[in-house]
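Labels for the chains are A, B and C, by order of writing; each one numbers its residues from 1.
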Amino acid sequence: MTLILILPAALLISLVFLFPLVHYLWLSSKAFSVMTGLVAINNNGANWIRLLNDQRFWQDIYQTTRFAITSVSLELLLAIIIAIILDQRIKGRGLIRAITLLPWALPTAVMALGWRWIFNSPYGPIEQITSLLGLEPINILSTPEITWMATVIADVWKTTPFIALIILAGLQSIPYDLYEALRLEGGNQYSAFIKITIPLISPYIFLSLVFRLAQAFGVFDLIQVMTGGGPASSTESIAMYAYINAMRFLDFGYSATIMIGSFLLLSTSCFLAYLIINQTKSLISNQKP
Amino acid sequence: MYKKISISLALGLILIVTSLLAGFASFLRVDHINVLMPAPFADSTTEIVERFNKDFHGKIKVHVTRGPMETEAMSDLAISSLILDNSPYDIILMDVTWLAKYAEAGWLVDLNQWFNKEKTEEIVTGAMIGNYYKNNLFRWPFVADMGLLYWRTDLMERPPKTPNELIEITQILQNRNKVKHGFVWQGRQYEGLSCVFLEVLKGFGGNWINGNAIGLNLPESKNAVSWLKELIDKDISPTSVTNFAEPEALQVFKSGDSALMRNWPYAWAELQKEDSAVRGKVGITTMVSLPGVKSSSTLGSWGFSIMEKSTQKDSSAKVIEYLTSVKSQEELFLNFGYTPTNIKLFKDSELIHQSEIIMDLYNALNLTVSRPQLPLYAQFSDVIQRELSAILTDKKSVNEGLSLAQKNSENILSSSAGRFQ
Amino acid sequence: MRRKSALLTIILMWSLLPLIFQLYTSLSTPEALIRPFSSISERWTLENYRQILNLNPPFWVYLFNSTILGLITTFLTLIISIPASYALARSKTKTTEGIRLILFGVALFPYVLLFLSLLQIAREFNLGNNLFALSIPYTALSLPLAILLLSAAFKEISTELEEASILEGFNLFQRLKLILLPILWPAIASTSILVFIFSWNEFPIALTWISNSNLLTLPVAMARIAGSSVYSIPYGLYAAATVMGSVPLLILVLIYQRKIVSGLTQGAIKG
């Protein structure tokens, strides 16, 4: 019985998740591009050698990681603050929650257009303000050192609400009695935060951290629409590089290699992170009697 | 018994009538032709398409899909429809750089059977470049398009001819506070940068890809790129030019903030509109070049191709013929400033009298150079865009960037060795 | 107290300012955008909205496509995930624990990386340019999270209630319909909203699966909106489209924010 109930879901999930992995592994061992007349030909691992020597791939890995780590840490920090505020009894809480949730509900591709205009030089609002203040133009979207931060800002704006929501769910699951008990013991607000709030919401924080890191690693819409990967490819992400190889260069074999390669890197680092967190966890729990 | 016969008779009658109706319907069948064009072209051809549908009423009906405006987004759309093997389009209006790739992928039809030698001879030579791949005619030109240098007639007596002259003239203007910026062009990391690069490179006497030789690390290339960098360093071009595509450049020039602009012919119509600050103060010429080197103009140009999977190729050819007729071209030129491709229009004395720029366009059209026509062009272009963008935004030196571009281009070339030409 | 309200104001500003700026842009003339601080006779305009509504195909077609796609996806996801989550919640073997772990891993997967294979599937089975077909990958992508959320909610329901109803002679379908689902309603609602929003916002797969402009979904259509004036940047148009595309979601979030939060509280990690 259980099997029948699960079967449709299992079939669909393996079609969409498992098949691609097998398909990519197969593709990554072939030359399959416009130069082979869109026919797959064995090429004895040439794709993999190319990947290892491809400066651009490694630069994109670095850029994607930089983007993911910066934006997710900022998001977490902001989200905790927002969640704590939203958890309190304030007038018009429903409306306020709805407003803070709004950025998350809007399509990324759509707001990316909006951000492109906000950061536009010289007529976007930020440059207008700097010129009004008599400052040098910043040229946000044409300075490689700055542009990626602009994409981080856009991403933080968009996804902080979602993390805040998960953490808010965590906060609301904490029974009020616990705080009451601590207060009777003479603890203040600060110690309540450290002793009760943080430990009890830490699984929620962990969940959103892992989830968002993985998603940020696959960033695509935002970059594609906001910067197109420029300037000087300084904002290009792994997913974009794979997309360009498939859809602009018609090199499907290499595109698949990029994707499976970055997937391997991602899952290895996830596994390592998991090990490290587990280690530290057991260390901490060992210290406490 | 009688009942059975009458039933079978009735059935037979129904069968005959329906098959007759079906036959009649197929006689009346209308070919529906779907055409994909970038938004500006879809808008400007609305009237012509309506007229076509009236003229061919009951035979062919054209449906135009208004694609995105940016060439790259347009190419993404076209390619994803073709990769899906389920393209809703019979005809696609194609950019010159897509041709080799699409042809090599087997997506296009040889147009020779509909457009013979007689017809090709009516087209200006410059506009016939970039329509062939491996001697097959895969694209029929719709609009000629080439890089132009727009200059302000109220700020200078004549446009600069050489790179040095350009720097001198604009610096004088800027020093006297006559104008904010000297020269705006397309410096964002995208195809437009490759177009600017090719024009300037040719003006410095260099070559990008010539057969099997890549000329990016030669002195000419270095001089050309150094000159572009110098424009930014000397503040002749604003730093933000490294994020300019055509619209941004036009926006600056149109509001009177720049003395020169590199852009395509359609900018002309935009600059003559009522809201333009430089209306009536603009002239056109081609990109500067070293003394003794011919000035060059990158060939843009859009043309129609019929898709291999289309089931209505003959009707599609009729549509293309209509849309590119002399009459349509004249209309598009007068109303939208689209450069014609038919030689008759450049010899039409009435038209020459009516338009102050048609002869300038004709001259530019004779100076066109095409970007390398290779199926892997997108890769080559991507390599140079990437390095140029790095150089222009101060991330790499000219030497460093160009030698890496040279190396990467050679790798692409060797990875596809023997499959070119 | 004052500090709190100051913080609150900052948070609200941070969330709203970019949107308000979009609203401002959508109502401004191009000249007003370029020279915002100088006096211009014609500052405000509805022209951008007029153009958006007169697009070919008209803007509401995209809204309609996205809505239909969202509804189909949500429906499919619920039908498939409810039985599966029930089964997962009711059996406690090593296998189900394993399945849960796999689901968790799959839910984390950056799905963008799947686009090339999905394109291949679309090509093989001729699924391109079909909204119903597009809902298949959407459903599959939504399933892991939906099952995790719903099975956590199922677990909260006491088995006693169900056992009592078995004694009454109810079969599984009756039990689901009459007893379990009414209790689960909040979790189902919040899951539906999450799925709907995902499908409404999805970009890369829609980008590669749909090339027929009458079938485009909102995000892809908007990224492709082009101005009718040949060579100026249609930021006003983009902004008008953003505003119009946001209104349905604004309403959705306003109505359901409580459900979204409570559904997540019920489900999030307990599973």
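Brief remarks follow.
We take it that a contact is a pair of C-beta atoms (placed from the backbone, for glycine too) under 8 Å apart; a residue touches a chain by one contact, two chains touch by 3 or more.
Everything quoted here is computed from the prediction, not taken from an experiment.
Chain pair with the larger contact count among A-C and B-C is A-C, by C-beta pairs in contact.
Among the other chains, the CA centroid farthest from that of chain A is the one of B.
With each centre defined as the average position of its C-alpha atoms, the distance from chain B to chain C rounds to 38 Å. The geometric centre of chain A is 17 Å away from that of chain C, both derived from CA atoms. Within chain B, residues 76, 80, 83, 251 each touch two or more of the remaining chains.
Looking at chain C, residues 34, 119, 208, 223 sit in touch with two or more other chains.
Multi-chain contact residues, meaning those touching two or more other chains, occur in chain A at positions 123, 247. On the side of chain B, the complex with chain A involves touching residues 72, 75-76, 79-80, 83, 101, 104-106, 187-190, 238-243, 251-252, 375-376, 378-379, 382, 386, 389-390, 393, 395, 415-416, 419.
Every residue of chain B that touches chain C in the complex is listed here, in rising order: 38-40, 43-44, 65-70, 73, 76-78, 80-81, 83-89, 246-248, 250-251, 254-255, 263, 266-267, 269-270, 275, 336. The part of chain A that touches chain B in the complex is made up of residues 34-35, 37-38, 56, 121-123, 137, 139, 141-144, 228-234, 244, 247-250.
Within the complex formed with chain A, the chain C residues making contact are 4, 7-8, 11-12, 14-16, 18-19, 21-22, 25, 33-34, 36-37, 80-81, 83-84, 86-88, 90-91, 96, 99, 103, 106-121, 136-137, 139-141, 143-144, 147, 172, 197, 200-201, 203-204, 208, 218-220, 222-223, 235, 238-239, 241-242, 245-246, 249-250, 252-254, 257-258, 260-261, 264-265, 268-269. Contact residues of chain C toward chain B in the complex are 30-31, 34, 55-56, 119, 122-123, 126, 128-129, 207-209, 211-213, 223-234.
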